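Structures follow.
One chain, chain A, appears in both complexes that follow, with chain B as partner in the first and chain C in the second.
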Partner chain A sequence: MNDKHIEMRGVRKTYKFFTLDDLSLDLAPGEVMGFVGPNGAGKSTTLRLALGLIAPDAGEIRVMGHAMPDGQAAAKRDIGYVSGDMRLLPHATLGWHMDFVKSIYPEWDGGYAATLIKRFNLRPEQNARSLSLGEHVKATLLLALARRPRLLILDEPTTGLDPVARHEVISEFMDVLRDDNRSILFSSHNTVDVERISDRITFIDRGRIVDCSNKEDFLDRWRRIHVQLPAGTTLPSLPNIVGRVNDGQFITLTTNQFSEGLLALVGSHVRDVQRMNLEEIFVANVMHHREARGQ
Partner chain B sequence: MYSGINISQTDARPMYLQIMEQIRARIAAGDWAAGKELPSIRALAVALNVSVITIKRAYLDLESEGVIVTRHGKGSFVADVNGLAGELKDAELDKHLAEAADIGRQLGLTEDELAARLRRALKNLEKK
Partner chain C sequence: MNIVIRKLIAKELYVNRWFIVGGSAAGMASAVIASLGKTGFNVGALTWLTTIIASGVMLALYGIMNERKEQSLQFVLSLPLSIAEYVRAKMLGLTACFLIIWLVSSVAALMPILLKDSIPDGIAAYTVLLCVFMLANFTVVLCGALHAQSEALTSAVIIVTNMGVSIFMFTVGPLPGINEHMWGPAPVWNSTFWTVLGCELAVMAIAFALPFFFAARRRDFL
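Moving on to the complex of A and B:
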């Protein structure tokens, strides 16, 4: 029995100037996965593949138990998709959009929609054209959330939102997770949001997955070690060092497999060990992989 | 409901440690008595807008410290250990004393001078 919400194996998609290659990704029910990458890394392409909007050139994709893209009609009942560049019909009201979505999806939850209208401070009689950017994002989220889909796929859902709107939107995402049979896959540049609400994190760069792990493991494994090395001494060869910057006697080492054993090898020269936040880990990770691949 | 627990993004400690410390503080203060049921992992995650895995990590570590017990299918509870709150206070005292000893050494204080400073701090408390 395959109960994963998303399963991608060895997926490839080639465009003229861009190739997404060897992409594998899993999302289990009850999980939030943050999908992080620079602009043009292939985040949106991956999400669109998962939705069945585009077909892969190679590999397998299963979403909500359906093979994609063939099973997309059946899978879509269970998926809510919101992208930052989604546009509502400018001359129609939010209420009209709500009625429209309701007519397609029998699962539409009118009570929840009314609650969201209040929480997001929106008005159904408002024309889409007159919505601010933040209101527009909240409106598209409302249309997806009120269907109560089991899987939410969100492409940059918080981009362009002010801090208050971001807080409202993120609280709503977490509210979805009260039900442990629901899951969220979201892409973002905002590593603060990702660090906070993701259970698992996938880094992508230049069409390739760079790293994927449980968030707590990421934060546990990566460390910066500051070393002061008196003139004439050298460091022993150290395992799992992904970055090294020398500045006179001072050396900054970055490791992706921190352990007390590693620290013992450096010995008395250690001045300081720092944890890294997700943004620092992301940048160090991407730079390390680009170097390893000779780019 | 549990909005009293806060997570700071500028705190250098990871989020799970911040959560553990605030739960320990509630138990040490007696606000969360022995046997009290903790919110479920998912409920606390939703309340704090923090991932489930972070809360799971905090609960697991609290459990291995013996501060809480988890019964499968029933939830997590404040450990019913005699004097647990006292032990936590005790551990906190040791931590602060270790820090004080370290600063004392940096200042070049002798053992007697440091002890005198502690006595003075006690006297000041009594005056209040």
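Moving on to the complex of A and C:
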């Protein structure tokens, strides 16, 4: 149990208009988990629970071997946390922030910090108040990365960034991943970013995890099958179909368990089989689960 | 006290450094103005009171509410500390900031009384009580800001504590044990003085201790 960087079991957190329910999540060392969900799905709540900033109403959370939230001070020694809406102290410069973090973390890597300053085109003498959104994200990322944490928790770090800034930030995450012992939990509703860096993906919607799997597994399992049925013919009952759109004699089927056997069942009516990208899988997955739950 | 708490206290002193300098200078200048005759006393006393009240309110507002509103609280809480340690660091850090302004302003208010012959020394006892009241008032504002999770509630605490200053002046000033010696040649440290001072210290102790029992034990801080 203790070798996992994050372990959540049966976690529940209730607010007046929102409940995060029966959340279970594992993150092993060296793993990058993309945590994908629409706005208000419970991504930030989950990450804050992992950091110990809020306490669960039920369930168990262990991070870096420490029970949360009680062990948060010790756990956070090994965690770098960056959130898209996190801001630095407005009356201090980036250089002051670097010295401040350095004085708390003996592992601070000054050489790496200097490299990141150059790479992100930041200036230590810049006041935090004058930083743009992109610069703020890069600055908080620098402060988190240069202390060489074993676990990075990133809450929508690329939201609101322009494409170039997003590329720079994502590239830096890729660099972090060269170290096999470091793990990342990365929340976003931008599936393109998640698809680039994650090796496992968890979908969350309306406070519940709807699916969790390896990225390749998702991409392999999900397909769109385009079928053309001659008049008077009907499709046989097919397993693992999670979506069906009829347009006259054309039918589009979405499956989450694609196999040659499934194609054989449809037979000669198949016109095309399409791979789905992560965004399409995410939307189809969420809609399927909402229908299944009668939402 | 661990290193993170020490660093956070130092952080408060750093980020509020110009505010501390400005508040101390204003407190000192007000006290000097107050020693310049009757009109000067009225103007100076008013600005002195305003300086100390505003300093306390702004430190609590900027130090706690704005940190939350401007999302820099997330940065602070990402550091290796517990909620209890954050509350401790905040209480000690902001109190240290206010203490500098308060000490400078209080000493500046007492010095002319004790040094200038034109001002009767008898008013020193009341001035000491007023100064300690202002410190107690700050601890109540700080306590309220740490407990309140909304700006509205914090504003309510500020309004109530501001009213407290007027109530203090209208109730403590006319107390026989204080009033009859106020314009005398020497300060009188009688039982009335010690009773009022005791009440102020008790309020201060309670306001300072409450966050350690309640805010520090809060399970949700964001």
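Here is the rule we go by: the second predicted complex is superposed on the first by the 294 of 295 C-alpha atoms of A that agree within 3 Å, B and C clash if a C-alpha of one lies under 4 Å from a C-alpha of the other, contacts with A are read in each partner's own complex, and residues count from 1 in each chain.
The rule is simple: a contact is a pair of C-beta atoms (placed from the backbone, for glycine too) under 8 Å apart; a residue touches a chain by one contact, two chains touch by 3 or more.
Every value quoted in this text rests on a predicted model; they were computed, and no experiment measured them.
Peer 1: Quick one: on chain A, after the overlay, do chain B and chain C clash, or do they fit? Just give me the call.
Peer 2: Overlaying the two structures gives chain B and chain C room side by side.
Peer 1: If we overlay the two complexes on their shared chain A, which of chain B and chain C does A:234 touch? Say first, second, both or neither.
Peer 2: In the superposed model, A:234 contacts neither chain B nor chain C.
Peer 1: Considering only the touch criterion stated at the top, classify A:86 as touching first (chain B), second (chain C), both, or neither.
Peer 2: Only chain C is touched by A:86; chain B is not.
Peer 1: After the superposition on chain A, what is the angle at the C-alpha centre of chain A formed with the C-alpha centres of chain B and chain C, rounded to the nearest 10 degrees?
Peer 2: Approximately 150 degrees at the chain A centre.
Peer 1: Looking only at chain A, is it chain B or chain C that touches more of its residues?
Peer 2: C
Peer 1: Quick one: classify A:104 as touching chain B (first), chain C (second), both or neither.
Peer 2: After superposition on chain A, A:104 lies in contact with chain C alone.
Peer 1: With the two complexes superposed on chain A, say which partner A:51 touches: chain B (first), chain C (second), both, or neither.
Peer 2: Touch partner of A:51: chain C, not chain B.
Peer 1: Report for A:39: first if it touches chain B alone, second if chain C alone, otherwise both or neither.
Peer 2: neither
Peer 1: Just to confirm the geometry: in the superposition, how small does the C-alpha gap between chain B and chain C get, in angstrom?
Peer 2: 26
Peer 1: Shared contact residues on chain A, chain B side and chain C side combined as an intersection?
Peer 2: none
Peer 1: Going by the contact rule at the top, pick out the chain B residues touching chain A in the complex.
Peer 2: Per the stated touch rule, the residues are 7, 9, 12-16, 42-43, 45-46, 49-54, 57.
Peer 1: State the interface residues of chain C toward chain A in the complex, per the touch definition above.
Peer 2: 3-4, 7, 11, 14-16, 67, 70-72, 74-83, 85, 219-222
Peer 1: In their complex, what parts of chain A are in touch with chain C?
Peer 2: Where chain A meets chain C, its residues are 48, 51-55, 69-70, 72-74, 76-77, 79-81, 83, 85-92, 96, 100-101, 103-104, 140, 143-144.
Peer 1: Show me the residue ranges of chain A that touch chain B in the complex, using the header's touch definition.
Peer 2: 30-32, 167, 170-171, 174-175, 177-178, 180, 192, 196-200, 214-216, 219-220, 274-275
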